[in-house]
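Both of the next two complexes hold chain A, though its partner changes from chain B to chain C.
Showing the complex of A and B:
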């Protein structure tokens, strides 16, 4: 970092997306706001909470500048915020919404029924710790709380991925085979408050990828008299839940299709569901979500330089959970260390939610890797490359039958 | 193979847009040279309170892999350049409620440059800056602190002047050519390009030795671990009894948190004319920070460890020029004004006259409509 070290410069080509894209210096939140504009979202509701509020600010600026036209409603609480877009979605409006931390929880009544009513709301969760005491750094517990309800959940690691995933989310959520809400999780601070170089596609490119939202015979409209969500008792609810279950299962194929088409049209997007980093010959794998990817990749490169066969598998979609992909990526490894940026107090081996899900995904494998459960980076604490090397060391230890236990969870970077 | 980072320290909310413009400018200019970068604010500063010391950063690398090492971090700790958008911050900075007062040059790397907007001389500024223990350069961009970013961005070109100065002191990060191209593209205003080039020509740099500067000890502390913290988010209260100060028998000094000083938020401080004070109590009643101590003889002495410099006392005082807000740069310590006055009344009167004369190269900017335009006119004279 010192001036003396400025040496020969390896030039980076201006990252060229397809023609029709412009390069912008924007945050992950602003990238999602651009998707709201490009997807021509009809109704957006807002209620301020850090770090989600950065989307709200950008959307309102675009509207003020005349770059974007939509119904922008500032609600009096998160509960109303999500109720408004839920109803707007039923009448055929493309909607966007979002929140963070306990704000997301205040909307829980609306969140819980949105999937049941099969309304394809797209939301951004600026991941934030659940208060008290006014904590606002990233933890994943907020978004994870809807994991059992039919919401699709994606985690992104860069501003570019936030933009791309938001576009894909509209396409998947609004597909009549799915009609389920989707939340895109962006780590507070590292994505929401950091501006990076992002390729923003043209309107024409987006129009070629994202068809209009059409509820067809399910649209609530005077010309199409229907009732949505009448009273249902034990005679009906189980069938409804089963329909929900099937929609969540069908989402898998729709997501795969969407990534294929996105890749063809935009020249990027990567593998759906997971990212494999140096996994080809990996004996030990690290697993995590979101911006953890940065220090993990740095650590993996450092360990590779020392000849250690270690790789990283980043979970991009938590719902639908990439069971098959994770079995495929991790089945050949000796040990897996999961880094949870969340907690699930009193759960199996005191693990975080990602570890618990992964453990059950790998259970049917004939030859299972050993699993080290760790929790790190809570409340937005920085996860350093050294932390990751320590975690990988535990996985190598467990692979060789050392003292590290599979039946416990290790807290990394906590002051004793 | 290299990565460079720039830190911008500024007065929260007032200078936020300006700081953002500078950091974006660095990344966009570096892009012209094929580099890749990020610009971000220190998350814990958000939402910014009025006048609070806040930070934004720009990090640029030759490759995406190198940049990755610097992503998902709160603040780079070894900056090539620290830009200080208000010279009163040179006395040290304290983000809200955390860490105590810390040196302005703490995150500056060895051999780096501290760039300050100031009308003071380098020698005078260096005296206020904590001793670093390693050499660095101090570059001064001649300007009063710009408060152009309050609610609306009244553009006074301070952002591009600082970018121009940056190209001079750290050409390895961005060249003047890239800076001017980026400015031209961003603002489409050639007068801003001219301002950047002028600052490039005029910025003056002075080497600062390892031992030069203030020898004040930065606040230090240790954070307990989970086995030692009290469970249930309980914080024990501090002693609520009034403080006992030698020689203050009969006065009243409220108890204060000994570690949370807050005064680095201050850009101006009240000076009090005890000869004309009528002891009406209004300053003491109105102070939002309970910073007035009651002296044994019934005066109200603004405690400079506790004063945030809001100026309410000046606004409510019914006596002409009894309380006057004076630019913080005119002071080198936080000593009691009342004690100075009681020891040497005539000497204090002379001191007071001098400080008030030194007064206001600026104010907080919300006294009357048109004030900003007047200040700009004053500065250009």
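Showing the complex of A and C:
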């Protein structure tokens, strides 16, 4: 896609209604660029890699058009890109960054210390397969790689959700009870480069929802001559890790609060952590993340027409992991089929990471659904409604004691 | 650009005005790098930190890359820093300086922080600066809208991790990754990178690059003060004798710095606004007023060269002679016209 196309903002209709929102035809990347503008982000660093970089093309255009003002730095590597904003955040600046695939991995050291330092960076990951071979399409392994470090991780399925989640991410990350970075994952191409009608809120609405970033006594400034991140060993490190653990635990309530307030002010946002689609009486549930939602929902509707009691639970936040919500949503089903758009070679039953986490989450339930582990859509391969119907069929099979095994992982749509 | 925008830009390019100190008696008593560290006896890098903090003064922020001046300086629950200090990753010296300066600039420009020139100083060792962090330092020196100083304390090895060879270690030095053995006497065969001149030559918009040595403390402090006053990104490279890594009695640190300069191994110069100025003994070497001491006097004082034969010393002397006799700009630019 050409840069010009990626950054084109077509104003469809200025509703000017009581909500003060504008409808615009934009991509997921552009939606997040709007959040940078509306959140008055102070420092943004860019480095080119597809597909996330469309957000930076849009930011750059907003700055050159005079629609937005920030320190915009094109770094010389992803490592520097993330280190620069990390340090800007420490002096009290609101920051934004992002990457994709191996670019995210090039920054890995910076990602680890950003969470360790409790700096509330917000980043966009345009999910992309890892090299080699160099592939542009979506896989979730890039963002998932930081799941143990203290990063909050959200996966979104539409451009509107990208915008809303990015606003919520700033509010949660910068809450002093949390002070942890947050990455918003947008499936490469399906979301980064696909346009949809998005309600873009007014400045007043955003100002009413998002307070200024205040680092208070942790701000690095000559008026507050603190030493940040001195060397610590076995005498203190465990207590420091525990503080990060407690922050990650507290994030849960702060996210719930933020969705409540967002819902009240914007009239949307939905349930925090997960989306339940036709789950009320579902005997079989499909579980996945990101833009998979579209073919899955189509398939669920088709199967419902045939009288099959099937539903879909979409995981919106992977960190903090919605353990309680998933227990609640899936605990009453007979079988769950997880569609991982990622892999974890050599792991339990060769499953993907979402399956492995979900299996742990459901283990304490007295009555557990059976779990079918599948991997689909790697490298951006399309997951069709027919694929989803096939996967659901496996879940019905396992529920009825058929041949499908809980102790294996099924690759869908792969040439063996 | 609108007039208001030009004014706005200029306002935020303002630096502190730090005039040079004319002699040691004019240097104020206040220290901003004090007790609370556990660097080795005779550590010249710790001396450099003290001089740098004094030169920059209280309205400064210091970023420290992983290295001796991190591990030995800041051990949780204590700190020698009386000014704000933050750790940065080994390869992030340039990025730490850029990010800190950009954050301050954005907040001041947008009225979110009181406007004042704050010194931003990022320090790294030779591992962080000459090896891993070179790319980020190069990038930092291109962003002329940010006032910052990158100070490289070069003790010529990864001294805090057990003395391993770096791109800034001298030829032949015995380190734990280049230990002489029965089959091979010289394991480290790379010539030391010419870092300061490389950065000066490669970044023509950078207003100030200098080399210093703490054996000449007033000059070193004034170099820091000039770097912080001149505006934009700047770079200073300091040669820091290291008793642990170089293997000598700590009481000779200061003297070894002097010998490094007097043998011509460590040239002292400033590149200010595109003009090269040699200073101290190095200036007198170039003008012919001072005859370089033989490198043997430097090498034989250090255990890291104890395995050198006469042949090795002659090689080292010949390479040093080249610097002053063959180079386009003696001691600085390492090539000549064909």
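Here is the rule we use: the second predicted complex is superposed on the first by the 398 of 416 C-alpha atoms of A that agree within 3 Å, B and C clash if a C-alpha of one lies under 4 Å from a C-alpha of the other, contacts with A are read in each partner's own complex, and residues count from 1 in each chain.
Please note the rule applied: a residue touches a chain if its C-beta (ideal position, glycine included) is under 8 Å from a C-beta of that chain, and two chains touch if they have at least 3 such contacts.
Nothing here was measured: the structure is a model prediction, and the numbers come from that model.
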| item | value |
| --- | --- |
| Which superposed partner A:279 touches (first chain B, second chain C, both, neither) | neither |
| Which of chain B and chain C A:178 touches, first, second, both or neither | neither |
| Touched partner set for A:69, first chain B, second chain C, both or neither | second |
| Partner chain(s) touched by A:414 [first = chain B, second = chain C, both, neither] | first |
| Touching partner for A:383 - first (chain B), second (chain C), both, neither | first |
| First (chain B), second (chain C), both or neither touched by A:193 | first |
| Residues of chain A contacting chain B in one complex and chain C in the other | none |
| Contact footprint of chain A on chain C as seen in their complex | 58-61, 63, 70-71, 74-79, 81-89, 91-92, 94-100, 102-107, 109-110, 112-113, 118, 135-136, 138-139, 143 |
| Residues of chain A touching chain B in the complex | 1-7, 9-15, 23, 25, 27, 50-51, 132-133, 136-137, 187-190, 193-197, 291-292, 294-295, 297-298, 301, 380, 382-383, 385, 414-416 |
| Contact set on chain B toward chain A in their complex | 1-5, 24, 27-28, 31, 33-41, 43, 46-47, 62-65, 68-69, 71-74, 76, 78-80, 109-112, 170, 172, 223-227, 233 |
| Interface residues, chain A side, partner chain C - complex | 40, 42-43, 69-71, 73, 75-77, 79-80, 83-93, 95, 109-110, 113, 212, 220-222, 224-232, 235-236 |
